[in-house]
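Working notes, beginning with the structure itself.
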Amino acid sequence: MIQYLLLLLPLISALVIVLSSQRAAKWIALIGSTASLIAAAVFAVQFPHWTTGSFWPDLNTTPILGNFGVDLKIGVDSVSMLLVLLTVFLTPLAIAGSFSAITTRMREYYAWFMILEASMLLAFMSRDMIFFYVGYEFTLIPMFFLISIWGGPMRGPAAIKFFIFTFLGSVFTLASVIFVAVRHFDSTGIWTFAIADLVKFSSTQLSDKEQFWVFVGLMSGFAIKTPFFPTHAWLPLAHDQAPTGGSVILAGVLLKLGTYGVFRFALPMAPIGAVECTTFFAILGIIAILYMSLVCWVQTDIKKLIAYSSVSHMGFVVLGLFALNPLGLQGAVMYMVNHGLSTGALFLCIGMMYERYHTKDMEQLGGLVSKMPVWSFFMIIFTLSSVGLPGLNGFVGEFLCLMGAFVAEHDQPSGYPGVLHPWYAVVAVIGLILGAMYLLIMLGKIVWGTLREPHGDGGNGHTEHAASELPTDLNFREIAILAPIALACLAIGLYPKPLLNAVEPCVKEVLVNYPAVIDAYNAKRGLVNPSVPVKHAEVTK
Amino acid sequence: MSSFLPMGPKIAVLTPEIIVFGGSVLVSIIGLSRSKTLRKSVPLLAACTLLASLVALALGYSYEAADQAGVLMPHFNKIIKTIILVVGIGLVAISVGHIDRRMEDAVARGATTFDPMRVVRGEFYAFMLLSICGAMLIPGSPDLVWLFLALELTSLPTYIMVAMSRGTRRAQEAAVKYFFLGAMSTAIFLYGFALIYGSTGSLQLSTIREVFASQSDRGGIDTLGITGVILCILGFCYKLAAAPMHFYAPDVYEGAANPVTGFLSFIPKIAGFSALAVLLSTVGWSGHAGFTATGTVISGLPAPILATLWMICALTMTLGNIGALLQKSVKRMLAYSSISHTGYMVLAIIAGPGLGFEALLFYLISYGVTNLAIFGALSGLQKRGEDVERFEELSGIGRRYPGLAAWLAIGSGSLMGMPPLLGFWAKLMLFMAGIQAGHTPLVIIAAINSAVSVWYYLRLIGVPTLSPPGTSSEGVLKGPSSWPRFASAVAAVAVILLPLFASRILGNSAEFAPVTPASNMKPANTTTQIAPTAVNPKQAMHNALQETSREENAQLALHCSPTRL
Amino acid sequence: MIQMLSITDTHSDSPAHAVVTSIVNAIPSPELSWTGWILLLPAISVVLTGLCCALRVKSKLPGWITVLALAGSFALVLKLYFLRGDAGAPVVVHLWDWMNFRWGDQGKWYTLQADVSVYVDSLTLFWLLFVTGLGTLIAIYATEYMESDVGKGYARFFNGVSIFILAMCTLVMADNLLLLYLGWEGVGLASYLLIGYYYKKPAAVAAGKKAFIVNRMGDLGLAVGIWLIWVNYGTIEFNTLFQVWNDMERGVGSFDKSLIPYCLMLGAFGKSAQLPLYVWLPDAMEGPTPVSALIHAATMVTAGVYLIARTYPLFALHPDALATVAWVGGLTAIFSATIGMAQYDFKRVFAYSTISQLGYMFMGLGVGTTFGAAYHTLTHAFFKALLFLTAGAIMHGFAGQLDLRKLSGLRQVPGFKLVSWTMLIGCLWLSAFPYSAGMLSKDIILVQALSGKDHGFVWLGWIGLITAAMTAYYAFRVWFRVCAGPVFYMPGEEAHDDHDAHAAPTSHASHDFHPHAPRWAMNGVLIVIMLGAFATGIPGYMELRGESNWVQVMMAHSSALAGSVQAHVTDVVNFGMNPHQLVELFGTIASLGGIAIAMYFHLLQRKSADKLRAWLLAHNSIRWIPVAMENKWYVDEFYHACIRGPAWIAGHILHFTDKHVVDGLMVNGIGRIPAALGRLFQPLYNGVLQGYATTMAGGAALVVAWVVYRWLTSGVVA
Amino acid sequence: MTHLLAASQYGASHAVTITLAMSALLFTIGLIGFLVRRNMILMFLCTEIMFQAAALAFIAFGRMRMDTGGQIFVIFILTIAAAEAALALGLVILLFRRKETLSSEAWSELHE
């Protein structure tokens, strides 16, 4: 029952917030989200399948469109569990990070935040495609309001672009899911939207062409959500304009919905389609890494810089996913979690800075370490994590993603052939330099150097206002927000083993059809895997 | 073949309509009363009439009687009537206080004195009930005459309602356009009826179907019949507000008062869809050269009709959506949105009985309820006794009336298909039906369209809640009656909660297949009652299809599929 | 003569196979798990100094915490050394699992095994000894050096030092390449933080950034190398790697396995500041001087040498790769020596000398004497640390003055006698003064080079000898200028007192300026290191006398041995002499000659140096030489123009593209299509009844026409 | 005129064919009249013509099929036409009162 409790707690808190007073709202939200965190922790402790890749619990269903197999099935495997934990971990922190930033319409803000949490949890915990979609899609609504009520000066266009863009992609995802379900019904006579059934059916029964289009359809939603290279246009604007809490959740969790979708649906459902598109998407990933790094370089707005860097980092995830081997996929999942932590934390840091100076312009700000050493400390830690410094969490995912891509060749003796070429990784690895470049330049401008602050009376009197409310350096609440993330970063960086072990069986599950499919595909291209007898390749073709 | 259907079952089947008709007479008489209390009770009476009719329908509707009365699709018939009645109650509720609002406002300003004889409440509700009665009659029509009369009964009162809904020139202009173009469309489908009659030699729909079936056996329905059906479809498009007959809709919806617009965007539409379903059930969705998608034979409508509907579907969705993008008037925007939703529903019609009809009904429920939420909220507002129409008049009203803004937002969310609201499930089923029928391209067009529609629905969400209050929204106040707002709230809650009961609303999809009246097929006493069974009938049908060979399959489709399985 | 366990030369058929047998399998030794404390102590120090930082401790506590921790580590290293001796078998101590997972049951290739485990063999121990030892000494030195920052950056400084020692120990103790990579980037981080210690100086911030980024470029090579190794050998653990490294029956992947050493050497060149990635090291002198001594002279920059020594078996398979290493080393040596001769900032002179000396080490590795390279690393560590520490003492005393033209005759300034004389020792060692440790270690390399037969190694030997002369010149240019001659000094800008930067700028006139003489901690450390520098000569003498020495033995019992070639020192090379004689003669000439020239120009006739410069500048045909040398051959500018510039421009172009093409044209453009279509149809809704009727009828007609068309073309009759 | 050809397939007499042609002609006249006339009364009469064209077709087909259904339908058509006429005249009078014109073009306030 704990899983339902986990879903209901945020909703209940949202309801309580709506009925409560403006002043109590934030505390209720904090309590509610902390309660979710505790519930999730209990859930995680109870969860028996950390190393087996199975789903749990398996039995509870609440039919909604029973005739059509749409059931509210809640269950997690270890990857979902990790993302659930990421969500419940970041939400209270994002809420606490909004305490001083949000001063208007507080009830609405925190109510939407809790609804957002519930929606994300539903997406991660649902074992039914339609309910995944419900959660996946509904996140738009709270986020729309978060951006368009509490966002920056361009909030309106930002929110609308974010909404329409993501909506446009996901209708195709939905259409693909329905297509698979319909085909499942046609051939078995049973309506179901259960992920496991559809994945099994789709990966084995659909024709090559159908798989291709199913894959394209699924990816069109996930690619926009992630976002992949040419479909990222909504992201810088949305991140930039969103309030701090919104940015944190947007970067920390919502982007992962896209990659989670690829991992959980697109790859397992349509292996043949995926293999056909692998090169394309891997190139997109590489372009994202390099292109966005260069774009980051010339940003002057620090929040935009981090936003663009998200796209660049998601490029690594994409590359890892399309390496189609355990290394890459492990890396991708690790990267999802780690990017959520480090980028979320960076947005929190920037928010704290913004509350003090009311600018995000790196030309106006600089040398903050002399005024805010604690803040700078956290900023440096999270930046280094983003840079991918070994020993911090970012490295684990990044290295594995790239390594996965490097070893994704047709003749690998690892049992998992790929369709890429080492050059992909070698080109992408330049992203490590560029990443270090723009992030360190950012640090050099904003943290190090001589102190530069915006001119005292910046017109709107915000500065004095802020000065009276907030101390120069971080206060206890803010440290308490950032410290857990920093600890998590360090812990994952130094001891990623449990996470790797937990992800590994799921990765194998996702890849179960791939070696044969890839061998067949490569054989078609004239590349034979020496570890597989030729016969095998022919049979699978 | 001449068939004299027994009157008994017919009347039994028609009890709900008779109640509504009686109610309309009663309402029009009471509306003339000099007693203010009695006059004020007219909407309540109208609602009670509809409620009584609903009770009669729920308790008294028997599939057996419907069969004997020549109803082609008894289950479909029942559900359509239920939807009409339930939404009808809501439509009555949102129009409470609206018709006389102008005068009351004038009285309050001291511009005039109250004159009971100028009150139009009675007729208005009588017309409303009449139109509802007409719409209820359509899905059960056994023959073309009935269909024609029922369609006219649905339309004629609406022309008057538009004209009397507001005292403005715009309303009268709307009425004129609506009426004249309506007359033209009536002529078109009437001519279509004539051609069908010419092709089949019968007005009985069941006979027509048999003749068409035997024509198909001989190589195809003849040109006369096909042309007739296409003309009918085009004529019905007017009722649906489907392209290319949708041009009147924005003007008429804009000209009519808010509750009437709500009425217009639902009752004629459901009437049109019922008529279309009834008409198309004569040509049938099975046994024609259909689509072969992925190796499975999926039969569909005859190719020309399919082509017509395909075009109508694609055009309607697209024209509706792109039109709505540019609007400054909420009502005009909703008119275009209503057009685009028609397009989606045509997709369900194309998909045919079974899943398609289930999707159609679900969509109609969803659309009706959502419409109530939106038009209820709009009707609950006024600006100096006038309707609230433009977006800027709504801007920032969420600060003052958070409830109304919320109902509007929920309604918009449902219309755009945002999960987990009702509209999403409707669209989900629609897409399922479309894909299952092999119309993936149409589904993709629909998907793109629903993404495009987000833009203008977001405005309806955003303007009341996010925009700052402007000068135009200053004078916007709550309307005199709280019933529209109450109806809107109930509808909005239903939009959220109905999905939880979705599987219980519709029953089994297989029941939507058109039924050949028992009197024609077999002795009445052997007709079995449809009852929900443990086994999924769809699955049973599927299994049956799997086991039979291709030829048997075709035969089965020809002769058996119209019957219930 | 030299005792090697397995002596092979490059002519034998498969040197690799012959050598592989000599690398003893490491034994898992859980009983040695206390070696983990070598890592743990600096880690504790990191945490404690971090806490001091957070609590704003206003005493020297963090300094002493660090010293204690490092001394503890050093003690443990010594214990380990005495426990296993010079020639003990390698051991592996597993500490905890790190990036470690498997997806199949077949072992290699089906796992990625990268644990936090310690691989201890002689090579590791060798490095550990001087890393922790010098680390401790320099930390003691720094407790005094940094005292003006107590309560401000003091804790931060020692935090950085602790991070560095932790990372460096991780690097040399790693049992797999990935952990090595962790240490590798960790020392880069420490370097970044410490170079940027004076964060208010833009130059320091920029230098830190540059160091990190240029190192990253090298790291890419290391990363790709790791992947290639995994692809080809299925493992990245040294122990298993050494067992399978001769598994040559299949090459996997598109990239040839011969690329492995090139990738690794790229990493090494980055970290050890070799061509073309040396540019960060001179700038790194912006950091506090103890940092320069510890990180940028003695230890971190030798990580590249360590990496190649550690993966020497892989290099030994590819003689061309080794030759590349040798040539890059030799060219770097002479190239940076030319720059070093023309710098006025004596810390930078030492920086270029570091690059140059590192070049010798790589030359040693390349020509096949890992012993020579390792031994030179050791001697260099001491004498260069000594030089930097004396430079630091001078900076400390003269408010950050570094310009050798503004200091003179310090050996007569009270309190700076010891500094001057220890600096002299350092300079002598650096100049390879006959029979100094510096000469002994350098000669081993040069002898090996001169006796080489392939790849033009003989030329390399001559380049080394020329470089030695230049080295002697610039080393003594500094000493004669700064320590000898008449007493004269001008204070600097007080570089490390940055926290009062916005107080009145310190413009001490020279007359009221009182040099700040080093006290016991600094002097004591200088003496100890000087003694150490003397002691590092011992193995060299033993070598000279043909005895087995401990450096030699330690190298021989580690991976660095593999493929290492024995010099045929008796062959006649040039001038009828064998390499030994050649090096002895010309090395002595070079060293003494260099010193003599320096003495002439910078002690006896200081004006003539300026005259010479003026003369050179006056002639257009040759003026480019001093200009280019003083401007470091414009390499930074070249990189700026050819790499950073284009990338920066590309960034702007792409940003523009992103804003206006991807977002503006594609996304917004597509977004405008529906509305534009809507506008297209708008005239149809003109509000006129007839218009609507016509459109409807026409539309109906069109639909019917389309149906008829479909009907006719499809051939399907209903 | 495909339906005329179709009708001849059923062996319809010349009289029926001519009636059908008449009906089609009437419908076309009605439609064209509806589209080109601006006077609302005339426009309404044109719709009546279209209705009657349909009625004529019903009668012709009834004759062809020897079925009385067509004639029955015509009665209903006439009834509905009468009802529509009542409605139309009411509306037209309403509008005329407002603007003193019968032109449909006077009523184009509602448009995009």
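Here the chain labels run A, B, C and D in written order, and each chain numbers its own residues starting at 1.
Heads up, the rule we're going with is that contacts are C-beta pairs under 8 Å (C-beta built on N, C-alpha and C of every residue); 3 or more make two chains touch, one makes a residue touch a chain.
Here the structure is a predicted model, which is why all the values come from computation and not from measurement.
Each step here moves to a touching chain, and the least such steps from chain A to chain D number 2. Every chain gets a centre from its CA atoms, and the centre nearest the mean of all protein CA atoms is that of A. With centres defined by CA atoms alone, the chain at the far end from chain D is C.
Each chain gets one centre point, the mean of its Cα atoms, and the points for chain B and chain D are 27 Å apart. Separating the CA-averaged centres of chain A and chain C is a span of 36 Å.
Centre-to-centre, using mean CA coordinates, chain A is 42 Å away from chain B. Spacing of chain C relative to chain D, judged by their CA centroids, is 96 angstrom.
Of all residues in chain B, those touching 2 or more other chains are 176-177, 180, 184, 188, 250-251, 326, 455, listed in ascending order.
Each of residues 164 in chain A touches at least two other chains.
Multi-chain contact residues, meaning those touching two or more other chains, occur in chain C at positions 682, 685, 687, 689, 693, 697. Across the whole structure, chains are in contact as follows: A-B, A-C, B-C, B-D, C-D. Of all the residues in chain C, the ones that touch chain B in their complex are 674-675, 677-679, 681-682, 684-685, 687, 689, 692-693, 695-700, 702-704, 706-708, 710-711, 714, 716-718. Interface of chain B with chain C (complex): residues 176-177, 180-181, 184-185, 188, 216, 219-221, 226, 230, 234, 238, 243-245, 247-248, 250-251, 288-289, 302-305, 307-308, 311-312, 315, 318-319, 321-326, 452, 455. Chain B makes touch with chain A in their complex at residues 294, 296, 413, 416-420, 424-425, 428-429, 431-432, 435-436, 440, 443-444, 447-448, 450-451, 454-455, 458, 461-462, 465-466, 499-500, 502-503, 506, 508-509, 536, 538-539, 542-543, 546. Chain contact summary for the complex, chain D toward chain B: residues 2-3, 5-7, 9, 20, 23, 27, 30-31, 34, 40, 43-44, 47, 50-51, 53-54, 57-58, 60-62, 64-65, 67, 69-70, 72-73, 76-77, 80, 83-84, 87-88, 91, 94-95, 98-99, 104, 107-112.
Chain B meets chain D in the complex at residues 144-145, 148-149, 152, 156, 159-160, 163, 169-170, 172-177, 179-180, 183-184, 186-188, 190-191, 193-195, 197-199, 201-203, 222-224, 227, 250-252, 254-255, 326.
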